[in-house]
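Two complexes follow with chain A in common, the first pairing it with chain B and the second with chain C.
Coming up: the complex of A and B.
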């Protein structure tokens, strides 16, 4: 029999609240294993903290989402949003599942190419594409999603110079009844900028308009907004068809579906309140099906879903450094991972579970990271069982944006492990060392020596 | 003017040759030439034969009868045999010319009468006009003494011995079974009134050249008749009399391979029909010849063939023995085309149904399912959606919304009008069933007379169409629910002959669908989706539908490597079958484009033409781009094997095929999978002898700009590339 855990005593005020059959105690489920791998073993082997990606979860998410859309609309293509998580292993799981790539910068573009994605299956988005980027995209026949008129003009010039007809789409922004309206990207639909851009493209004849792209926002909680967006996109496509007798090949609805995270300040848990993927799908697909396209001219529906596919496939494992009591009496716990690798803790109240069995008692506390900076707060208020130094915790739903937005600030970045379909862990990114940090640093000779 | 003369000369010349070949159910020119030669063994008879044909043809031109029938000799082969008979039996003089004129004219009109009146019943007129005409002559010419019978016995031919080419006769005497050989060759010769052995030998050789099956049938039929006489101890003098045994031969060819598709069964059939001929010969000989002095000639053959064919036409089910539907004038062609058609289109149906779903669904219960698809409802399908683990729901699976297929759109499986919508039943809780309203919310669509489809257990208030609406294949009609006898959300789909909600199911395949396999999709054509399969519909690719959208009036022009230009045009015939006509080679290739598949059905004309290459290369192409999907088909072995190999195969073909010919097409290149502007279709044809691959040809079509840009043909004998220039 395993030795019982020592749990430090706590003093807790009697809370009024909903009773369950055990009184007011909290049922806190520890997370001891991820896809069959013990958290304890993972941390022992790869060090703490540690990012863990679940391949099974990624594939499940993708297949579910794909099925949800494909059973509602006959022509669907996903393009993996590189910025959400561009670890090659993660990208390749999506590519293996049939997803294309969607990139917003040159290095992401190169990454996708290096991963083996054919050029014509990489959608090139973003407001900052240099001439060189555009040439590369043209060379590889990648659809270029034009963000602004200057890009349109430059692209036309390059196309004229190279005497080719690059495939392009325009990014369209529009009022879908949500706030804030993302009008900083692309051409506006309501004021006619989008139609103007279309006319410019069709008139100069140098660019081949193959698609329309929009991305109405992020962590969208209103599926209906997508319905409105899809209707407007379909209208634009039909206008192009009517005016130029040319049907665009695809309508790209971008991303922005919410994951199961809990936004700061929201009431209730994200897992209970965010819309189901099927609700987004229903809104988009029925809008497109009802738009009145000819059956053999139905445009493809492209989706750049990122967060909703990857967020809950990522876990961050860490350990408790110390406990202390703050001046106001609150309990504080210092963990070995901070906001430098958990950027999303500025947005979400992440769910955090202990990684070992605990008793029934919990206490409110603040979770701090290890950085010697005041901003390093993981959770301002969380109810957890009493943790002691060396205890391990699992942060849930950190697959999206954390790894791509992490930085070396005070602490270096940890290793990333992917657990495969058979439950075997594989290192997909090694833990950073000083050399990683100093790579690229150049020390002028005259600064190389000093005496103290 | 000159053009017209050329036309008439050409038609008449072909008609003349075909009249000869038609006597033996053929249109083979070599055979016709041999027969022409044989008919001139008696020069007078030969001339009379030709004269009769020409008189018939001229009449046809003057009265504007069908020129095609003139060309293929159908109008005049009876005139020919009548002419030959007259020439053989009467001395040639000017009065005889008048008789020939009169009899040829009468034969021609008799032919027309029988053609029309038997044709109405779908029966051939065979040699009835000849029989009637010769009997009229025999009964009628006694009055006219200006024409005289030759010394050779017209009315008493008993024991006629050949007087021509006696050397051949002597040679045969040295062979074993000489008696049988005599009888066989002379019987063959007797068809052209040539009672000598060389004539018979030449005809036999001609028969072998034009058709191995007809040759074997002639021997087979003859032997059955002979052995029957032997076994029954019949009076052989009846057979020797004007070598009436040719009835066995003609019947064997007619029923063994000409009107009936040659097969084991048609050969077996002869074992029973030939003895009937033998009995008829005895019976009619004693009646007609002994009472009225009329020779039987081909009467028994005519009686048996007509009797048999008229009986076959009223069968409840046309199975077992297959009648030839499109006459190819060659037992081989009849055989190969028939069995090729059976292999290719046996399961094809008039109505085309797709699956009533969008995306990939599972068949949770198929035909004759264990749960509810029983009795009158055994030919139905239930659909749901499963995840990797085979669950139809995500956890916890206690709400309708947990079920993957719940509230998904359901589409019309084919064009039709909505005849009934039943709406208003709530979805059951998971696990509950509504036994009172078994089918729940249901839509019934009428696709044609006695052809309805029914979709049940739909979600309340989700109908997108109303009663009376016309829906197109693929239109969303409602959403999947769990109403009626449905413990969890699923879709029930059945095809039925009645518009009633409780109508019993009809066994009917789905025209095209894909099943999900380990490595991609597999295409099913006119198949029944099975329980457990993950299925989806075939989606079209615009470039493919445009490239193979050959509508009547469309022309295609090609230029070969050496600058030769070839023009094709698409037409439809009187039966509304579309075909491509090549102006250069005058070949025609019949095709079908059913919206999902483009395929060729038949080819007529020069097999060295470009159209023939197109016919083989684009034999079957799916009109939706799918990476890695291959479309398989069979082709006629005549299109793959050379004359020698094919001819050898003809001998055994009715019993078993050791030669096979295959076709496969797939996509090798695409520039953009979603809206391709360039697709390369590659297809392969190959033969198979005893399972060994042989003579492979690879075809490659480059599709671009809504059409075929170029195509390539390559095998070990040639490399051809043609460009489409219009």
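Coming up: the complex of A and C.
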């Protein structure tokens, strides 16, 4: 006789209290396949844990977002935010779709150039650009987004020295009705700093002001804030036109659109409560179209959307190492991936699904990572079927920032696989080994020997 | 270990303790274990039964059974 499938015995106390009026749904439906590839096979082939990127999802997200904006505004250009996920394969999917590059550091800039993005289609943001960075950007005709006055002065000096007129934009921060206000990047709109910076650029004649840039925040849940920002940016553009009879060629609204993740402390699930891209698009495009620009002078709308385009295209697959009972009776499950590769677990309650079928019974559990460190908590409380050692799980919506912010603290970083449009997996980053970690380390001779 | 005789358990795994008024939900294998405990089967007998009926190794069953029995004790369902 064939034996039955085993499931750990569980008993769960039923609490008779007030109903949860928010009634969030459970999220433990098994996910056995990603784009046609079995989770089990992927983990067997490439090891556990494993990051998986869905090329199909990236392209769908991009095309959908592009369509939403282009049906509302005639001149739209996306620039892929490298810091969100700068694996070359990921960047090139965006570039194949027509996205430019947006970088905030020299190495990102080099990556974009190496990927084949023409210099004049790489937007150079960020507060830290060295003289050498500025010279490289000038040489390649990349739009330089000026963050502070020191940069403006330095860039003017370099432009004078090289006798060129680099294309620049100023970064503008402003009150958009949200708290806290993001005022650390660029020049403030309300107190006149931004206008002052514009006047300095126009007066010295060395820099060619081609655009205005803002980045009003991250994971923005209020689309209306973008409407306010776009209105203020348009006003600034019109003031420049009125005063200097020169129209900027683009208004860059930066990034910050939320993904479908659930922020810690939220009542609802992110998938239900986060605004749709169309709401952001409506706010921005309406503000720009209603600003009163002449038709032949309508500026381009640049967008540096990162998170909202990539987050749900990334999955982290992993395995259960063990489960145990905590002193207060709570169940704890230990997984083979930790906060070193899932930095976003500090601010999201990530959706986690089992990767195999289970019965209908579930239990509440804390999910810990494998690191020998108390803060290594993946979920403080999650309802899952009774997982046992060796069972596999899928973490959803990890495509943004986790790979770029991951570190080799205690555990090395796993491989990253991209599943192509035909459902074929490709390794796009190999699993790290000790040599990866020690590359660049130098051991002085006198420390090379010891006896114990 | 014995489960209180007056603890009632339905076919769907709904368990009621009339002494405290508390109710619980138990999965099918948990139900089997409680029934065996009510029939005064020993822990060893229960372990052998699970190994015979289910696809699982002894170490896992031992660990899970120990944990489950502890939970019954904590919920004051045993006597």
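Rule of thumb we're sticking to: the second predicted complex is superposed on the first by the 434 of 452 C-alpha atoms of A that agree within 3 Å, B and C clash if a C-alpha of one lies under 4 Å from a C-alpha of the other, contacts with A are read in each partner's own complex, and residues count from 1 in each chain.
Methods note: a contact is a pair of C-beta atoms (placed from the backbone, for glycine too) under 8 Å apart; a residue touches a chain by one contact, two chains touch by 3 or more.
Treat the numbers as computed from the prediction; the structure is a model and nothing was measured.
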item	value
Per-residue touch tally on chain A - higher for chain B or for chain C	B
Touched partner set for A:5, first chain B, second chain C, both or neither	second
First (chain B), second (chain C), both or neither touched by A:325	second
Contacts of A:163 with chain B and chain C, given as first, second, both or neither	neither
Contacts of A:448 with chain B and chain C, given as first, second, both or neither	neither
First (chain B), second (chain C), both or neither touched by A:60	first
Touching partner for A:73 - first (chain B), second (chain C), both, neither	first
Shared contact residues on chain A - chain B and chain C	none
Sites on chain C touched by chain A in the complex	13, 15, 22-30, 33, 50, 52-56, 60-61, 64-65, 67-68, 70-72, 74-75
Complex contact set, residues of chain A against chain C	3-14, 16, 325, 329, 359, 361, 386, 388-389
List of chain B residues in touch with chain A within their complex	357-361, 385, 387-388, 394, 401, 404-405, 407-409, 472, 474, 476, 537, 539-540, 542, 545, 671-672, 674-675
In the complex, chain A residues that touch chain B	60, 63-64, 67-68, 70-75, 77, 120, 141, 167, 210, 249-250, 276, 278, 282, 285-286, 289, 295-297, 300
